[in-house]
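Each structure below appears as structure tokens.
Next, two complexes with chain A in common: one pairs it with chain B, the other with chain C.
For the complex of A and B:
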């Protein structure tokens, strides 16, 4: 039994004490778009793609606890536009060449672009100078594709207990760095680490496994991102 | 009533998007019934002589000739579609945007491993279109009405968009037709 209920776009959603809005929505089969959130990781609240209105105030659904009688707005034209803007900004402030990226088809940023219907960002492309770190024998970091979601930072710290990755600098200069001079190859990262697995984009890639799945059978080729969560709602008879 | 006219061009692209237009297969016969192709590499018409309903442009803007062609299309077409990743975000040619132009030219004409250029000349003839400082997506040069990304965009997506436009219907691409790769 749930501790209390609240509403998302007028739909009554059960929740337990301590659950975030996003967790409760997931359980109810309502997909709130998100990029920096990953199962098993403490929520970061970095990307703001999961922004919802909680009793009229913008909050990130991944960090905000659900509360009794809370009124959450999620799928409104205004909020959809915010999310689209955020994702468009991620595209222009990095160098995202989907046509040759080995993450293409399995990339959450790309899938989010598809889901939100972004044909091209409205902002000018920045074409920043970013480095590629291929010093590690089994894992590479391509900063061109990094969206600073911090999954690797949290995974390395909390799941792997290694602190290989860390944010450096601030504001829009923020980037992910490794805790060794001389690059990733000088750290104790292993390809089996969660930090090497959880990157939503093609910024951290395990070497020699790319392009294994043919086009048409990749994760987001056939179904939009989030459809696994939405399928839960369709499966429950009360879900309408 | 005269058939609506469609013009196409390839700027800094690889003609892959044009191949994708042809990839609509036998629907091209139906398309030929619905529209008349005006200035296009498909029929080799070089100059606009009539107003066109739709201009479809592949490739980004990398030199001054690209800019002129693009402006010419904007002047002569009611609707401009940027077709493919090069047109919408610069694509592969935009990889040179991360290298200063001078270094790009030096690598291509002076220091590249296969270069034979005893006179050490970097092409600079007035006949050759001046290269731009970087490769620009089309919508950063002129107003673009519709973007269709993809490398190349699927033939079905091109077909759906054209049919919707010709029938004055909203464009609603089903999942899988909007793609960036």
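For the complex of A and C:
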């Protein structure tokens, strides 16, 4: 039994106290796009792709608690445009060359671009100068592809108990740094750590496993991102 | 050197009880002693306070006044505030560059002096100004630069740059500053005489709940910008679960064009600390923190002295006003050059020794704030008003001002007017009346509430200043007829790009994109469709950003696009007869081919 219900685009959604809008939506088979959120991690509120209107006010669905009788707007032309714009921003902020990136087909940013109908960003590319950290024997960090989602930061701190990653600098200079002078190889990160597994893009990659799955059979080759969640709704009688 | 480093870190961390929540103080002091916070220093600090090196690095690199790289013995930070730009600060910077033989961001080869730019330092009415080390230097013109540099080099002491002292408490030994107060108008609430203890006595005579009721009856609203009812906020914190609660005073004052809190801190600190004690009593807090922006560090010794005096008079400490259980004390937390720390949850993080990125709400600070305990954050002026409400009564306060905006308001006035400075005026006057008062009748525009506020044109000068119509935290920048409104917008966008904390994507990236397109238009290369592009971009950033900074940072462009569209249109490229994109330059496009082939194209 649920504690209360609220509506998303007019559909009644059950929720429990303490659940976020995004969690309740997931359970109801409504996919709210998201990039910095990951199951098992505390929400970060970085990407803002999950923005919805709660009683008319913009909020991030991944952080905002669901509440009784809340009226949530999610899949409207206006909100879709905001989300698309934010994803385009993430594309132009970094250097994303999907055609030869080993994350291609399994990348959440790329998949989100497809899902939101981005063909080419309307914003000018920033072409930042960023480094690749290959000092670790089993894991590499390509900062060119980092979208500053903070998953590695939260995973290392909260799941691995290591604090290998942390944000440094401020504003558009923000980047993820590692807990040692001299690069990732000097930290106690292991390839089995959650922090090495949860990067949504090709910024943190475990070495020697790339390109293993052929084109056509990669995660997002067949069905768009979010389909697994939406499948739940299709499987249950609508509305209830 | 290595041994010395170890010793310094040991001493400094020990002084702060090896408490990682005191990271701001630790970093500040390590830097003061060693010049910068090196990687080796970060390692040691992390070891001593049981943190992680990369967390220390995160803090050091977040704040503009901290550095992980060696700088000169002295740092000259020239303000980049729009009001300074109006006073030709660029010529001053050029003069410094010439005199020092370096560019902005560099250090003289002898390691003596570093030259930097910084955001608004709260001296907009006496600019162009700079901070030289911790010392504010006002009214700098290019011809003064030579002697400033000479004195600094000869004496090695920035304090020696202070030749004439400002009026009032600026002249006290403990302040010793050339800053002037420029109080143009005194009202009954803030700048009227105040007898220390009078508000505390009245508060102590009634219950905390009654103090809150008074503040509610006075209809006091927050002066920091958002105008949240102060009594309601206090009540939330009072009713929140838990025994340990905090009262934080927001003296970060970073909004360009705002400097009224500096004048309160200089001239009426007793009123402020009295307000803090009263508020602490009302919400059940025994601990208070004054978060003082790093730019105002020069006021710290004086403020510490006032706190000491108040402790001696039993107006602070245990058993205040002889009442058992009325315990309250204040510590001062210095900031380090980050506008975002004025946002209440960013301020709380900074007090906890973290990067000053805001938090997601809910939970609100009144439930989970400083150290995750119930916390009220109030602006300096709000707390002064609260003290006055307790001293003179709620009804007295409520009859000043207008219906939804009771009391007086301090306005920090700068820009193109004859009488810049601080004005205490009742809420509810029109912009036209205001302009008359400050000598800016011929203004083409007024930036109300700073860059995050709104830029209004002459057609709107009949509007009223107050929460019901035109709210302002106090920043009022008068923009004269001679100005290009797009220059002003550009300066503001520069500010937000610089001050975004970078936590969330739309603010971190979107503001850079807005700036890019605005610059393109200013350079005469804009297209008609760029205006709708900008509008959509501004909306996205405002609607999707995480905190108040990103939710308002597009305003300089969004509000001028609305109110001064002609200024944009005048700069756009005209449509071309040949049907090509107006920015298309055939010669430039072919130049590479011309170079490679060594011949001119056949047709063009």
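Following the convention adopted for this analysis, the second predicted complex is superposed on the first by the 238 of 240 C-alpha atoms of A that agree within 3 Å, B and C clash if a C-alpha of one lies under 4 Å from a C-alpha of the other, contacts with A are read in each partner's own complex, and residues count from 1 in each chain.
Methods note: a contact is a pair of C-beta atoms (placed from the backbone, for glycine too) under 8 Å apart; a residue touches a chain by one contact, two chains touch by 3 or more.
On a predicted model such as this, the values are computed, not experimentally measured, just so you know.
K.L.:
Scan A:48 for contacts with chain B and chain C and give back first, second, both or neither.
P.N.:
The answer is second: A:48 touches chain C but not chain B.
K.L.:
Would you check which partner chain A:172 touches, where first means chain B only, second means chain C only, and both and neither mean what they say?
P.N.:
Touch partner of A:172: chain C, not chain B.
K.L.:
Quick one: is A:93 in contact with chain B, with chain C, with both, or with neither? Answer first, second, both or neither.
P.N.:
The second partner, chain C, only.
K.L.:
Would you sort A:71 into first (chain B), second (chain C), both or neither based on which partner it touches?
P.N.:
Neither partner.
K.L.:
For A:222, is the partner it touches chain B (first), chain C (second), both, or none of the two (neither)?
P.N.:
first
K.L.:
Taking the superposition on A as described, I'd like to know which of chain B and chain C A:209 touches: first, second, both or neither.
P.N.:
So A:209 meets neither chain B nor chain C here.
K.L.:
Identify which of chain B and chain C touches the larger number of residues of chain A.
P.N.:
Counting contacted residues of chain A, the larger count belongs to C.
K.L.:
Examine A:120 and indicate which partner it touches, taking first as chain B and second as chain C; both and neither are also allowed.
P.N.:
First partner only.
K.L.:
Using the superposition on A, tell me which residues of chain A are in contact with chain B and, in the other complex, with chain C.
P.N.:
On chain A, the overlap between the chain B and chain C contacts is residues 124.
K.L.:
Residues of chain A touching chain B in their complex?
P.N.:
On the chain A side, the touching residues are 91, 95-101, 104-105, 110, 113-114, 117, 119-121, 124-125, 127, 129, 215, 221-224.
K.L.:
Could you list, by residue number, the parts of chain B that touch chain A in their complex?
P.N.:
It comes out as residues 82, 85, 88-92, 94-95, 97-98, 134, 137, 139-140, 146-149, 151, 175-176, 178-181.
K.L.:
Okay, in this complex, where on chain C does chain A touch?
P.N.:
Interface residues on the chain C side: 39, 43, 52-55, 57-58, 61-64, 338, 355, 360, 362, 497-506, 508-513, 516, 533, 536-537, 539-540, 543-546.
K.L.:
Within their complex, state which residues of chain A touch chain C.
P.N.:
Residue list for chain A touching chain C: 43, 45-49, 51, 58, 60, 63-65, 81-83, 85-86, 89-90, 92-93, 122-124, 126, 147-148, 163-174, 177-181.
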